[in-house]
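Across the two complexes that follow, chain A remains constant while its partner is chain B and subsequently chain C.
Now for the complex of A and B:
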């Protein structure tokens, strides 16, 4: 039995690097410090869905084949394709992603990562208006106002509040954990009192009528000292439950609300009484809180990037930060989902100049989301082969896109038999990055962290990087043979 | 006059910026057929993909007959001459156009007239998204010229517009005139939400229905009519909104009073 300390968790974009694992007989048996998602991955990755050998579809059924045969078949498909797509990349390490860019260039394909259905819109708006951001470390020690907009870290990034924002003990800012506990206790006490009144143990007293409004309550909590937590969302999420102030915005009205806050920060009067279902006075309170903090941060998630307005929502959010920075110090950060989706963008930018949706078909990288993004290519039915790695578009893409993907040859590299692998023509089993393979991953604030290898992969199962390198090598051999043949014919 | 007819139904995108009157000028049919185009990731010649015919007529300079909805960058950067497309055309038609005329007797893909400087594009069908909007990250869109669309237009049109006139005879999608600085957009039918968001100048005229005006616009007046360009005037009355306040902008949105009675609540501020 051995204990491995300071392991980086390969689940969400928070990339917690304080995990302690107990390893026994090449198996993780105990997880310390991790959240529920972290534990579930480390303890549950060895499921019955694990693929053990490369598979090739013959007469509609998967047949186990040797690695060499699968590599040759995959390379043949890619080398002969006129417009292949290479999609996924977010749940693997930067080393594999780098080989992926090389492969995409070699086969003249469209390289795209899961940002296209996630934070791609954030990147688009960053390219238009820039991004004032910082690292999570700075936020931990200095930020006194957190605003989570359209995201629910308590459910999706469980340790985000505890490690980086409200509930962490910073050098210059105290944790708001005690205040939250008091709030929970007060709420529990209130519930007990109401129930006692109902059971007629105590005499009921008249209470002031609460206003019928979409808001949880008047914003007195915004005037308290110390760290403040504001949540803006379309529903009362788990994070909203613990917020000092929660604003429920009508679905698809985030843009208007944000733009209204911008106008208020600039001291303009609005002609309307309500924006997105929220009375303007309440927005004024929020604008006041934003302007009066010392260092504020806005975190945003899919609620902004994938609701009506898409990248324009982020455009206006970043513009709000720009406006706020005239009055105080503010930063903004996307809540990246997969553990290395930020790395996929960084590696793609480092290698090709563009973060996602890179089209190598003309021999040089081209980028124009809407034109060169794999979702649009699939919906227009333009691709003629696909390679999917470390992602599951079969389960997450629209039906029409998956239909086209399945019509053309599909190569999948994944540790598990997921929905996409079940639709594939060639399946490569790969080792789990962050458990069976080490490497580098980028946290949501674009800080690179090392991933650790804690156990050995099953016999014969290769890392993503190795599989891609073999395919790339084989593609080069096939292309060289083809050119030699053409030269002979000429 | 050169007539191009696709030899097959294209599956892969075809990059054909060589379909441009300035490039074709002074070339024989054989030379034109040898011009390089890309189909997917394979380099081909124009003659591989299109049947090319030459006739004595001077105008228009180029005619494309048939479905060219996968053919992109037609008329890119053209300065003179005329292109007529009898069918649909792909993305980036007339991108960076600096003169001449393009007529599309069908639908056009996204980014039609992107970064346009001068000239005329007339689309008789619908236009895709990003009509006259610039390339990603650029802050200068259409600077001059005229675009007329007889059908509907997708989202994010006239983004970062800095001059010129766009007339949309049908409906327009959301975010029309986003961060617009100058120029005129005229929508004859319905217009999507968030029209003129972050605009700092220019004017948008909406003769049809508009669900709501952005909360960051303030009412200025009611005008009986608005001039679109030298040849056209839109008859009102129109509510005139100023904004976007979030950018301290002075753009104008004219919204038809008759079609939008729900905006009458703004009249109390006049």
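Now for the complex of A and C:
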């Protein structure tokens, strides 16, 4: 039995790096410090039905083949394709992503990552107006106001509040955890087992019994000292339950509400009573809180990037932050979902200049979202082969895109036999990144962290990086042979 | 490994006082040697060509989180300069923030072989090193940003220089860094709450320490540790009218640390710190005052931070300065504060000839470089990409070595800037020997890189050969010829291998990553207490913070014995 400390959790963009794992007989048997999502990843991945060899579809059925054969077949597909797409990358390490860019360049394909379906609009906004941001520790030490907009960290990034924002001790700001517990206590109207709850904090996610401030109740708590937590969302999420102030916005009205707050921050009067279903007084309260904090931050999620308006929403959010920086210190940060989607953007950018949707078909990188993302290419029905790695577009892409993807040869590299793999022509089972193979991943604030290999992968199962390197090598051999043949013919 | 002989070139090797002598350079196993077997050696005929050590850049932002965010935010910068894949080279994009591969190729084509990446937040050092691994053709090193690091502020405040030195030593190894970088000392911590410091004696909020104490403290620490380079300093009030006074005060403050003629600091991109006037309306050059001081003192070295008239991208750890630029331009703005350590900002910027301030900046850098008499003190940079992209260096060489060239540009500048410019009164023209100093020898010397910047026996065989015949071409008159030659090396050799011929890449090499392994008598105690403190300061675990060895593809550590 051995205990591995300071392990980085390969699940969400919080990338908590304080996980302690107990390993016995090449198996993780105990997880300390992680949230439920983390635990279920480390303890649950084994129960996954793992295929042990690559599979190739023959006569409609998967048959196991050798690694060499699968590599050769995959390389042939890619080398012969005119316009292949290479998609995914968000749940693998930067080392594999590096080879990915090289492979995409070699085969003249379209390199794209899952940002295209989550924070692509945020990236477009950064290219439009920039972004005032910071690392998460800066928030922990300094922020006295957190606003989560269109996201629910309590459910999707469970340790975000506890490690980086409201419930953490910083140099200049204390944790609001005690205040929060008091609120729970007072609202419950009876003594609760505060200490017990505190102990259970990490595991049990106490569900507050309180009526958090909603549209119907004016927000007393915004006047309090110390860290404030504001949530703006279309539904009363778990995070909203804990907030000092919750504003429920009508679906697809984020843009209007944000514009209204921005106007108020700029001291403009609003001559309507309500915006997006919210009384203007409440928005005024929020605007006051924003202007009067010492250090504020807005975190935003797909509730904002994928609702009506998309990148216009982020544009106005960032513009709001720009305005706020005239009055006080303010930052904004996207809540990145997959543990290394940030890394996928970063690696692609340093090698090609562009973060996603990079088209290498002309021999140099080209980027024009709306034209060059894999989604655009699939919807136009132009690609003639696909490689999907560390993502599951079969489950997440629009039907029409998947239909085209399946029509052409499809190669999947993934530890899971996921929906996309079921549709594939060639499947490479790969090692679990952050469990069976190490490497690097980037946290949502672009801080790089090392991933750890804590157990050996099953015999014969290779890391993504290795599989990609073999395919790349084989592609080069095939291309050289083709060139030689052409030369001969001429 | 093969032996090689570069025959018959005009050699400019200022460290060895060789000024255009016709001679042969012998190479064996990637190093310069006294002689080789004439018959066996591969020969390069350098007859009629200029031979220099490979170029060394003391300050160029080419890799890391900030540079990459610059790339991400500026697709419009990339589309105008795309680079195709070839059988030998990777594709990419160029212009002001080139992709990593293109950065390596373009430096190499200009005959550069070593670059210093000057702005590395230790928390994100892994990122910097990952990008440097993908930056081929060059040896490279990075300067960790330490001037506003809480550990430094706290130990200096306590007056505990020894402990401060131990932590700096620890940080050099941990981040795999090369020199102590200080940016707007005290200003970056203040920027954490949206404030700044405005003089070297302003107190940093919450830390009760002044910029003066930070700079002098770290300069002393630098000496105690025997680091090969000095502290590398970006001054307070950078980029603001009237800041030449702050710069003078800074230089005077550092006199207290100096002893003898050995430099104790390098003030970088001096142009940005040499503005006179008290507002943008009457902003003018402070080059006269600054250079007068520098000519009378020897304790500091400098680089230019030349402005190029083009669309570029400004990026610096000086978050408050970038905010000022944002206020002025309203342009897209990135700010990135880094917990416990530093900050950063990015703004695209277009320097225009017909803008009085921009044109004055252009003039200031040249005035400084020409008025500072000793070329060993002032080196050629653009603070890439802040003043302009590095591929404009040949233009700067032309301006420095030809009055005709700079007057041709000045003539096209804003009238107000022309009137105020000191350039018409300056006749000095740098010779090829001077150029070799300001683009390689001087930089290598200031950096303490013993095997770089010269062609003596034992030096790395990093060599640039340019298509200039000094007997036939007077670069002061034929400045366009010089510009072409310095932009497209006839040959570039890296570690004895020909990597560029006639301005084209002939071979892909990785290049080394250099950093310091500073050995102190007593080391920082890494106990539970340290780890606890670490956890309080950062949001990552102590165990995950260092740049592990595997993050460096071709490692080249230098061991330094400290006095503490």
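In this text, the second predicted complex is superposed on the first by the 463 of 490 C-alpha atoms of A that agree within 3 Å, B and C clash if a C-alpha of one lies under 4 Å from a C-alpha of the other, contacts with A are read in each partner's own complex, and residues count from 1 in each chain.
Everything below uses one rule, namely that a contact is a pair of C-beta atoms (placed from the backbone, for glycine too) under 8 Å apart; a residue touches a chain by one contact, two chains touch by 3 or more.
Note that this is a predicted model, so its numbers are computed, not measured.
Once the two complexes are overlaid on the shared chain, A:316 sits against chain B while remaining clear of chain C. Residue contacts after overlaying the shared chain place A:360 against chain B and chain C alike. Shared-chain residue A:164: touches chain C; no touch with chain B.
Of the two partner chains placed by superposition, only chain B is touched by A:255; chain C is not.
Looking at the shared chain after the overlay, A:345 reaches chain C, while chain B stays out of its contact range. Of the two partner chains placed by superposition, A:239 touches none, neither chain B nor chain C. Contacts of A:128 after superposition on the shared chain: both chain B and chain C are touched. Applying the stated contact rule after C-alpha superposition, one finds that A:373 touches neither chain B nor chain C. With both structures placed on the common chain, the touch criterion links A:105 to chain C but leaves chain B unconnected. Applying the stated touch rule to the two superposed structures, the overlap between the chain B and chain C interfaces on chain A comprises residues 127-128, 360, 363, 367.
Residues of chain B that touch chain A in their complex: 11-13, 15, 38-42, 70, 72, 91, 110-111, 129-130, 135-137, 139, 156, 174-175, 178, 193-194, 197-198, 214-219, 244-248, 266, 269. Those residues of chain A that touch chain B in the complex are listed here as 81-83, 107-109, 124, 127-128, 255-256, 259-260, 262-263, 266, 268-272, 275, 308-309, 312, 315-316, 319, 323, 360-363, 367-371, 381-382, 384.
Those residues of chain C that touch chain A in the shared complex are 63, 65, 68-69, 71-75, 78, 82-85, 90-93, 97-101, 123-124, 126-127, 130-131, 134, 192-194, 206, 323, 326, 331-340, 343, 346-347, 536-544, 548. For chain A in complex with chain C, the residues that touch the partner chain are 5-6, 8, 17-18, 94, 98, 102, 105, 123, 126-138, 140-142, 163-164, 169, 171-172, 294-295, 322, 325, 328-329, 331, 345-346, 349-355, 360, 363-367, 440, 442, 446-450.
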